[in-house]
Structures are given as structure tokens and as C-alpha cells.
């Protein structure tokens, strides 16, 4: 099940990358690269930080084709995408949760301690978007808008807690997933967000 | 032969890095770092992604000296460089092709599959410039202008195809190299470029 | 001794990250991430480049808590921080020197050659700040202002020279540290800086 959701997820992330590239008037190649990096960059950074070689996508070239195709198709259908805005946000939320849980699993299998497992989940969930925003010259969205990364954190904690309590693995997946999606939808709907830190000194280092 | 071209290539890339740093009014140190990263950053990212340790330049400190020197010398000769514009573009094209072929070879030796070998070639070819542009606060040039990364892709595909057909290695090198240079020169001369994706929504995630 | 200074150092770096995040109006989560990356990013990049796995902080979750806490506390006390400006600059200088020496030690233990050991020291010293500035959309401060990275370089060279001369290790630590701090304080006080390279062509690649 996680694999299917993962495929949906990287497709959605690749499309969000393509749209960001389009806002910077990139060419087809730039769109492909940003789509690929947005979709698979989080998992790549996780693998490198955890010393988990070979990096996942090097063993699954089909994910390269999928994300690049999703990026290119986005170029064609972008004009219709505001009609799909809600579906897109939902796919994006599914991606965030699926990436988080997959990231936790990778770190668990490598025997890392709980805080690092949680970090691995969050890094997988959010760093694709951070790389996208850095390459497209934006302050990362994930640091500023409605609850997003925090939901990745909460899902990681919930998933690990239920796992340690010995809950059936599939049940845990379903529960963590549903909770995460609901939290994200609620955050978007009611504009939940974290306190913002605004610092504007006269002159400072 | 590839080694000599490689040395020319990292010199040219280091100079392009230094010029980008100069446009941001960086100091001598910044120029050195950007020169180094532009020249050797692509290979570094390739090595890390492929789990190929130790990273190449850590075994060749002479390349560190070379790229830093090239960056510093660029500070002195920059005012004359527009006279050398064409030579510079040619060196840059040679760098792109040499980096691509070297990147393919590294991945081939590590036993990666064909799509990853092609990716390794392209990453070596273009990521130095991407890092340069991110550090100098620009949207990466490679995602926007005349065919550049696409040529890296085509050269990688050609080189691998000829290799698989059992062509003599040196002949393959010469053929792939000449084809790449000609394509790049043609792309600059006739302003070949890929379709651009411009996306400007009212308000979007 | 180096451990205590290291703890002070990552706290100071985390605070500088939090202030940079505040200037971009990031939320609590963004502040935490930038604080963490500013403090531990330099060491992380060093570990990855040297193939030194597992990455240090994955074995010391307490540093994650420390840097995130320092970032969040900075949100509360930022309004008072201009009173602490001088202490803060001193802590930052201590961080730079401590990071540099620690970075050299890591590369020495892994058996790298002298130029790479020096690079490892500098990367540990300055890359946290570079990542902070890239994520906060600034041209890295370290490439532009008073001597900073150069001091990291000089400290690394001094430390290695004294080590090779067979000086007592603790004495070397104290000497290198004191020299570094004095140089940095002098650089700030007298505005020592490197020549700047300003390049503004009409139109260039």
C-alpha cells in the first residue's frame, strides 16, 4: 500500500516542482530537473545523511522517468490545474505523510536512535520542497505557511509510538496516515500556523 | 587526453565561477570558494550520490590549488576577458563535455545501470554551475538559456551507445567529444533553446 | 576543553541562524531548522565530503535538542540581543575557531593529506553560515565582510604546523585558539577585510 501512495506522492511533488520552475520561466530541462529534485531530493538527502548507499533512486530508474514525465506533463496541463487545486493539495498531503513514514522506516532499519528516526522522517518529508525553493530562489515555503513540517513531526512521533506499543504494522500505517491527512487538511482549512518570528534590527551582523 | 581536457575544463569553470562571484562583489576568499565549487562541485555531488568515497578532489589537492589560482587570476584579468569571450565559451563547452564523459566513466566503473550512468554524466557536467548560481543568488543559468544540459544528456547517450557497440574507446572519446562541441557551438550560434514553461498563477500554494 | 567550547559555539551559531530566520519572518519551525543547520551544517558537510559515516550529530541527539532550543529561546530574547552584541560576536569567533580545529582533527584521524585537513577545518568553520544564508536568501556573509574564513584558514595552518612540530597538544590548542580569537577581534575592530572583486559587464554569459 505504501508503495502505491509513494508513487502518487512523488508524482504530486514532481508536479509542484514543475509549477515552481514555471514561475521562474525555466525551460523543459529545468522543469524536469526541478520536478525530479522536488520528488526525490528529500529521500536523497536522508540517504546521504544516514550513510545509506546506494541512494534509493539509483536502484529504481523508473522513479526518474516517472518524476521527469510528471514534470513535463505539468507543462501541458498547468493551465487547467487551478481547477484541480484541491486534489493537488490532497496529493501533496499524502506525499508528506508517506515520505515521513518511509523515511522513519529507512532509519529504523539502519538501527538509528529514536530522535534520528524522527529527523529522517521529517527530512524525507520536507527537504524535497526546500531544495525546490532554493533552486527557484524562494525562501522555503515550509518555513513560513500553514502547518506542514510540524505535521511531519507529529506523524513521525505517532507512528513510532504506536510501533513501540506493538500495534499491528498495517493498522499503525492506516492510523498514522489518516491522522496526518486530517491534521494537514484541518491546517489548510482553518489556516493553522505556528508563531512567526520577525526580526528587523537596525544593523546587525 | 581526457586528463588534459579536464584540466582545461576545471580552469574554465573556475573562471566562470570567479566572474559570477565578482558580479556579487565578493572578496578574494569568496571568489576562491566559488571558483573551487563551480569547478569541482559537480564531481563532488556525483561522488556523494554514487557513494564513491573518497571524493575525487580529496585525493588530488593539486586541483584545489589550480581552481583557486584560476579564480584569483580571473580577478586580475577580468577587465580583458570580454576580448576572450569566444575562447571562454569554447573552453566552457569543452568542460561540459569532458565532465559528462568522466562522470559516465565513474558510474560505469561502479557498476551502476545505464540510466544512472547517464545521470552521473549530466550531474558532473552541470551541477558545478548550479551550485555557483545558488551561492551567487541567481536562478541557475543552465535551466534557462541555450541548450546546455541537453547537450550533456545527448553526449552521455551517444558515448554509452558507442561504448556498447564495442567501438574503440579512443575513437569513441574523439567522436563523442567532437559531436558535443559542435552541438554546443551550434546552440550558441543559432540560439537553439528548449521550450520555456511560464506559469504565473493568481495565487497558488 | 574543546567540548565545552564546542557547546558554546553551536549555541552561538544556532542563535545567529535564528536571527537570520527571523529577518525572513519564518515560523517557529523554520527558526528551529535554520538554527540546527547553521550550528551543525558545517560539520555535516565535512563528514559527508570525507565519507565519515555515521554523521556526527546522528550519534549525539543532545546537540539537536540544544541547537533547536537555542533557536527557540532566541525568538524570546531577540529584542534584548543588541545589548549582547559584543558577547555574541565573541561567541561566534570562538565557534569559528573551535569548529576549525575540530574539523582538522576529524580529517587527521581519517588519514587525509594536509591540504584536505585544512579544507576540512575551514568547511566545518564556515559552511553552517553558508547554508544559513542560502536558505535565508542572502549572498553568504562569509564571502563579503570582515576577515572570517581567512581566519579559519590561518588557524588551521597554525594548528597543523604546531602539531607537526611536536608541540604539546593542549598547549597547541590554547595557542591556536588564542591567536584565532585575537585575529578575529582585531579584524572586527579595525575592519580588516580582503580585496573585493567587483565585476559588472554589459552582458555576459
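Order of writing sets the chain letters: A, B and C. Residues in each chain are counted from 1.
Everything that follows uses one rule, which is that contacts are C-beta pairs under 8 Å (C-beta built on N, C-alpha and C of every residue); 3 or more make two chains touch, one makes a residue touch a chain.
Just so it is clear, the model here is predicted, and its values are computed rather than measured.
Summary of the copy comparison: rotating subunit B onto subunit C for the best CA superposition needs 120 degrees, to the nearest 5.
At the interface between subunit A and subunit B, under half of the residue numbers appear on both sides, which makes the contact a different-residue one. A straight line joining the Cα centres of subunit A and subunit B is 29 Å long.
Across the assembly, subunit B contributes residues 48, 134, 137 that each touch 2 or more other chains. Residue ranges on subunit A touching subunit C, taken from their complex, read 48-51, 112-113, 115-116, 119, 130, 134, 137-140, 142-144, 149-150, 193-202, 204-205.
Residue ranges of subunit A in contact with subunit B, taken from their complex: 16, 18-19, 21-31, 33-34, 44, 48, 53-55, 58, 61, 64-65, 75, 78, 82, 85, 88-89, 92, 134-137, 141.
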